[in-house]
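Lettered A, B, C and D in written order, each chain numbered from 1.
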């Protein structure tokens, strides 16, 4: 049994997903791709024998397409996700679910009216072996009740045009979701602190930033977001519980002793670091859809994460702690 | 395009491979299984919709089967591999290629007469990310010309009936192949040293053992083989070159600080430790076969490894350094 | 040449210092001890053949005493330090220099009027090999201009009566000094954030706390202070610069593999963790005094650190960012 | 109470000891030094106000000298140690006790006739914190009954004139003593294996070597001796017991993340690596002598270690396993 998938968006992210679905995910076939850049869509589609569309709505409407993966720019996520809901097709939407709270709410409402979930949001960290082991340790009580969570989120560099609020909405958004998932509580407030910016960061970018968050039951989370750190892609977490701590980010791989140093390499970027997590995300999604279920990060997770990110962006501007207000959680996401 | 595969042998190893081919390897389908234990074969085959045979030769002869994976006991490998060669079907044979030098030579000769390779031997370590990084470091000159290689190969325990020579032929055999591959030289002699045996090892088992090997150009390899080590599955290598060393076996994963200790877990067994290597082995094999090539460990590797293992078993008995004599390498394996 | 030292205060800290001066510090002799608990002072003094006083002022006035080490409770530091200055005797005063800004200023003014320094404050971390290597890396430019500093400061437990503001004045005070020293800038503001307290902390203690500090040039420091962490004494720092990071706190020592885990031990307390630093602090102090110089942490460091601690305590109470105002730095401390 | 010490030999080792005794060891005073190079002895002696001799026997005979530290070349150790015994003065003799078995036996016999020990041999590893923790783990049963011990002993380079047998007698000799001490058994046989030599080693030097040893109860020890390893001074041990392993050599110190790598430094040489062990060796020796006891490595340890080294040198030449024959252990060393 093979799931016939249409991929909306053939930029870098879309291309990576098409490649993975083709070479690393059993029981999946990319049967259609779409992009407003039709030439790009054609190149990608021809490589895997898929139909090609310039309009994602046509792809969603294609009868051959059983499920949809959305990898187009964030501002288009709402319309394509709503189209999938209308067409009754399972959809894996890259993060964010939508860039504004209102847009997220529209998706949430459309899905919440249904008897079962169709939407999954692409928070791939939940599929990483270390993040899963960390959650297992927390849930298993190995470190006691959580009190604090320290997060490091470093990228070597960013493309031109990257802005200070994108550090929240594009980067810290992963830590927001991971925090909610690891601790099992909603984030209720956010603050942003600004050290002097790195002279190696693009002109005008407030980089690094320190984001402080609080959960409903008083767990405190600090996230260092540093997107021009130069030296590599570095994700490290330490969760502090009442009886101990659990941490991830120790770097595996071979060690070399030479020239007076022992050393190991640091990943270049998130694609290398989370390669395996992306694969497992897609495998579990495909297998779930074939069995009629969607169990990954939900529209509610997408909405709540965007709500926290929006509060953090406001805090970044105002310099003040900003509360997060969430609507009631629909029964579908209980 | 999907490769239709028949799996000979439905014991633990065969079941693992059937499972992997079904859930983790794209473009592969298990269309037939066989086992002398027909009931077992039926259970495994029904789970994936495959035809079921009690005789592996019938499976090899099935027109629906395009390629064969042999996971039956070692003494049957020769006959099934020869059958695949006769049927002109690509075959992935679990290690060993065959348990005796003579049997290996018969396979080697049958294949060497052909214009291209059909046989791959299941030395999965060559697909492990750390082993590959180690080889890259060696080939890339990061530690200079190799001089020594230290290997630790520990299993927590072994099943009843495991014998002292099986420690060579079942366990050290992986280190023999890894050594040849990492250093790029044949092993020309082996010795075995015996400390007092562990009281936790099965009665009569010489466990642990220290195997010493020498390559054609004078690299010295020591392998600790300890199959009743109790504490976990522990593989660690350090290759010493003229300018530095490269090592693998640092344990990744989350770390816990609790009760006065910082700690991480050790894998339970080789299935956990090399889960990903097995997947990549199968993926690369399937993709290669679909493209008409076989590039993994060859019949020559299978033969040479068995020859070294046989010398080591002789050394274990005699207590003396035993030379390894290899036939000339056929042009097919140049 | 031997330095004849008087030790004021024979509680645990004073006893440790007497022991160290006697067994681990060459060229030093404890010739006098004092304590309001005269019985305790006698026991300690007799062990090393020292004269015994109930009043520290008598000890300072003893002609045999060439230099003084103050290890009495913090509120007495001012009077004894001032007495040493009046007597023109070098003094090593345990932290804090004094518990209030005003008291520190009185010492500062008394010393600043002199041609050379007599006072050293007992910030022993500056003598720890790892802290020194971290400072060398920063000063040597190995990680670029500092931007952030993350500090973990964990104790397994605290004695009864330990209060939330003592977490700042007794514990974080070390991080305040270390920050100033590592970065080479004064701290200009502090904030305190409070997660839910650990149920394993003494009733009423706000434990853990997260202290945020800013330096004059915009470096941001976060300190996790957690004095009931249960699992051990755990000090870890990571300084983030424009080109990389330098961290300390990797635990050395032997590693044990057993029962499915690889593990190492965590120090029990600060006496174990900083045993060597205390020794080097005393050795360097003794050698310096014998040569006529005092080069360790100064009254200015003691004053500035108390000023930051006082701001942090205020921030802890008010919940607001609190600025630190320092007097002009006297020329003696340029 | 101060111990008045005479130091025989003012080369690098002697100078280091004089420096340590003066600046890092309480209750010790260097009152005399001697060297056949009188100019050198004068320079060293004047620095610490010690009398100067060209003949070590005159130093031993000096009434001011209460105890002697021998740091002259190995071939002179016998005569000076015997002189100390004759003069009834405690002596700390740098390793080896003497370079030949016969010379060691003469010292052993001279001391064994006495009611109590006077001689200690300078195996400083026994004072290293990690070696001690490893022994504690073994003795405490944390890894079960010992079966194997893997040792790495690497120096970046050696001075001109260093020979293949000096790799045993100067370098591996430390591993021989450490093995005996850690396992608590005598070594009864040795073999030496020779990989191709490093092209970076001095012409004609068999470097590296792999030394295999067996203890009386069948524990097997392998020592990699590599004195031209280029990259640093690297000591790593792993002892394998029936229930687990204990290892030392994890490198502590700060870690730097920069330029795509995480890295730490490796010590330059044994003086850096064992600086603290040398200090503790001297402190414990001085304190013991002042209290009338000598408890460190004994003449017996010196003799047994030289006997094993001599067997290993013979094995190196003959290429054969060589048995070690020890005389009966005198009651003094029970």
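Simple rule for what comes next: contacts are C-beta pairs under 8 Å (C-beta built on N, C-alpha and C of every residue); 3 or more make two chains touch, one makes a residue touch a chain.
Since this is a predicted model, take the numbers as computed values, not measurements.
**Student:** Quick one: point me to the chain whose Cα centre is farthest from that of chain A.
**Tutor:** D
**Student:** Using the stated contact rule, I'd like to know whether A-C or B-C comes out ahead in C-beta pair count.
**Tutor:** A-C
**Student:** Roughly how far is chain C from chain D, centre to centre by C-alpha average, rounded to an integer in Å?
**Tutor:** 38
**Student:** Measure off the straight-line distance from the CA centroid of chain A to the CA centroid of chain C, and report it in whole Å.
**Tutor:** 44
**Student:** Where the centres are mean C-alpha positions, what is the separation of chain B from chain C, in Å?
**Tutor:** Centre-to-centre distance between chain B and chain C: 57 Å.
**Student:** For chain B, write out the residues touching at least two other chains, lowest number first.
**Tutor:** Only 230-231, 243-245, 251, 257-259, 264 qualify.
**Student:** What topology does the chain touch graph have (line, ring, star, complete, other)?
**Tutor:** Per interface graph, the chains form a complete graph.
**Student:** Looking at the complex, which residues from chain D come into contact with chain A?
**Tutor:** 230-232, 234, 251, 257-266, 268
**Student:** Applying the document's contact rule, which stretches of chain B touch chain D when the two form their complex?
**Tutor:** By the definition above, chain B touches chain D via 144-145, 147-148, 150, 152, 193-200, 208, 210, 212, 214, 217-220, 222, 224, 226, 229-231, 238, 240, 242-245.
**Student:** Chain A touches which residues of chain B in the complex?
**Tutor:** Per the stated touch rule, the residues are 22-26, 28, 129-130, 133-134, 137, 142-143, 243-248, 250-259, 264, 276, 283, 287.
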